[in-house]
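Labels run A, B, C and D following the written order; every chain starts at residue 1.
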């Protein structure tokens, strides 16, 4: 990487932080866009034996620099894979417990980690009809440990989502378990400002670490509800030059990072 | 066929009679052995568009003269097929209602068409432990209309089977429906002596037609229970020279006609 | 919102269906004549992968009304069906064009104004709904959608395991009136083969009462028999077969051609300019404006199609398609 | 007789399992060391098709005791497991050698004398039992076994559809401790590919706690990636991989070699002469009598194996195997 390489963008900070969560020799179910790029980065860095699963029915996806898939169901995601099957089958593998991690982006997340990608406003007369769950409800219900990766914006971090598309800890406490969702933990939320997890008892979102140069106030100001704050708040390592270089090479010019679900 | 061709054997009479039950453009799920050969004969005769299904996961089996499969799960049955899938899948297609006919052989059948291929004697201390159901229970439970093809021997035609491996009309009347078996009718029984069906109300086995040269007494003497007898008893057409020739060519020297279930 | 499927009735209907092994090859227009106003039509593929576009354009031309349309993951075809008045109820998990193209504006217009219903299920749930329909059972159990508002919005019920007492979500069977799928190859009887991922086509076609298959290529039955493990739809489930090379365009067809992202860019720009009218003019020009799909493809241009084919061959190793 | 599987416990166990993508290639003997006395071992393939014979011979040599063995449709391997004292409980649909060879005399001896248990299920039922285990649910509904003595003998329960009120059979999940399967090819990580029919191997390997794959050939991962749709077992479900050409002999392996009917003739004659002792002397000679499966195959003779290969090539069209 040359000395003139631009500093890390918010997106790059998120992707790098998220990628570090993935341990080697594990299996991650990644939504396209940022989550998939983060998984791809992990594969190129500390987790060369990571198996990336995509909902199109693709197991062991390889990401080709500059030709990242735009959706979860396309040849760009299938090329070089170890196994191709169907969509239902992928989620049944998740239900069985084969997938260590789920990696999701969100439109809206609340203090209990519930995700809304369906409806803003009234469910019978929505103000905004969003695209829908795609695989997110299944991923957060069925993968062993799910992480959310998203930009830290007040409109995304709301006290209670209008509509629980994909269940986090529902209304907190034991409500997730009581709903029958005995599978799947919500591991945390990675943003460009911080890493948050969930308090063991209340299941409320809790600030656990800060991105470099970010203050607690920066985070709480951009969070639409009262965030619990851990006693100790380590500062996350900034993206290393090697991580940034690898990320940029992966995304390339063709890396739109968009897609479904 | 030369004038010196031997007369039809009991097995040939059964196979030919059974084969005539299959209409063209239908789908038949056939057990190996006699049922499969009968289906193969139909395919070569009046039903060139018959689709033969075998439990090994084989759809559209072609039978190659002299190389008939010995089991339901082998290459000889798969060669030339239209589709190969798995065993569970084949029975799910049956459950959905895609299969017009089931074709089964039996060890023991009773007056209500119940089949025993499991246990002679006490179920906890069997006198004879037979091989088991294989696909028979599923075929008779799930195919639209099932026919039994068997040699007419007293030991095979018993008043009540010791063990209902594969359900016919259970204890008669509406008992089959009441057990939840709303799918699948038992169409009849083809033997070397006769064709029998089941009375609409009592669901008891009823003599409906005789093989050529066979009397009612011949049949009742070789049946271990009181057979109902239809008012009219037509005589079945004997195997034609063409049917016999086709059958013998099919079975060939390699046609062991044995196998599983 | 759930229309329960009594499996006994579905079964009786299936038993009464003829399963003739006859030549079912026909035109796109003849094939979609199997669809009636108000039917539930399931669309094969997902998002912009192996979408049966030729059949959908023929459906648009047929001017059917008030369809319910189901699909695992939907792309711009749902907007075309809404804007043209063909469909008024969607049963799916996601509607968009692709995240790259932002929110689906035509969907928003129809749903936010109460002009159409969007019944939302999770992927596993809709997959198991088709599978229950394909298996001839009225429901299948699973562990998705529990606790979410998705469940309450559709009226999802639960079932107790008779062995363990555990409570599971019960996904009700879905038996579409007609399924439309695009395959790599089929014979004239309807035996159809697909390369790569199957999406939900296997279950969908077994669950449906009628099935229309478009194929890149109609092949001799011997070609099917040469690789029988590749067949995913047996002939006895199929009612009509149509040969349409590039029949999924602008969606991709695994190994044969990539999706045409530029085509989606143009569509999205048209909708951004003119809203639902943009989608309607797209339908006018591309579907109504040609007698058949071949006419549309001619307007797209052979060079453009060829470059999508070249892109696919770069991505998919030789040998993975037949 | 049913051991209910609480899906929550099965799930927790699965979550706690390591899924390392490491080189898992080992010997037959090392692989079967994963099996403990009293385990439930599921055997892939059906009857004499793609039976994992090399693994089973290694299991016989390991002198394990009191296994429960499950299989969709069984052949003479069940008799070997009984006669050697390896298995004492069978969960299957059928035990024989092939109808041609008459009743299975060793099975009769063991079951009629109360020396072993034969728990009998229908094909669909055992298939859905593996599938429930593979799906992580405690049961699946269906319409087989109803009304029969098979149902009462095993204690089958029913379940009511919460949407239609219909009653269906409920097949309880089956999660074997170890599954043994034979594949056409696998890479060192365990990604395994099968040509032709799959029998129940897909569900069985996902339901099992541990999976041992023997393969005709260990190939480079690139070979797997060249035809990813052919992969039926993903590496993260596999614990050990063993390379054994002709590893299913005397059973067939689709496209590669036919079953050796003559071998079964000899076995049956031996059993007719000496009863269970005949099966034991078969095991002594063929399994115990060699250090590994290669030794057994050498005794069978290369010419005999080659002729079975030639017979298979006559039956299966070129292109259907890779």
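We take it that a contact is a pair of C-beta atoms (placed from the backbone, for glycine too) under 8 Å apart; a residue touches a chain by one contact, two chains touch by 3 or more.
Note that the structure is predicted; figures quoted are calculated from it, not measured.
Each step here moves to a touching chain, and the least such steps from subunit A to subunit B number 2.
Taking A-C and A-D together, the chain pair joined by more C-beta contacts is A-C. Between subunit B and subunit D, the centres computed from C-alpha atoms are 28 Å apart. Distance between subunit B and subunit C, defined via averaged C-alpha coordinates, is recorded as 40 Å.
Annotation for subunit D: residues 8, 135-137, 142-143, 158, 168, 196-197, 225, 228-229, 317 touch two or more other chains. Subunit B has residues 78, 84-85, 92, 95, 183 in contact with two or more other chains.
By the definition of touch given earlier, these chain pairs are in contact: A-C, A-D, B-C, B-D, C-D. Those residues of subunit C whose C-beta lies close enough to touch subunit D in the complex are 2, 4-8, 135-143, 157-164, 166, 168, 170, 172, 195-197, 225-229, 317, 319-320.
Here subunit D touches subunit B in the complex through residues 45-49, 72-73, 92-96, 98-101, 103-104, 107-108, 111-112, 114, 118, 120-125, 127-128, 130-131, 142-150, 153, 158, 167-169, 196-203, 252, 254-255, 258-259, 261, 312, 315-317, going by the rule given at the top. Subunit A contributes residues 32-33, 55-58, 67, 70-76, 78-79, 84-88, 91-92, 94-95, 118, 123, 125-135, 137-138, 141-142, 163-167, 170, 175-176, 179-181, 183, 256-261 to its touches with subunit C in the complex. Listing the residues of subunit A that touch subunit D in their complex gives 25-27, 49, 51, 59-60, 62, 78, 80-85, 92-93, 95-98, 100, 144, 182-183. Every residue of subunit D that touches subunit A in the complex is listed here, in rising order: 8, 10-12, 14-15, 18-22, 134-137, 191, 206, 221, 224-225, 228-229, 231, 234-237.
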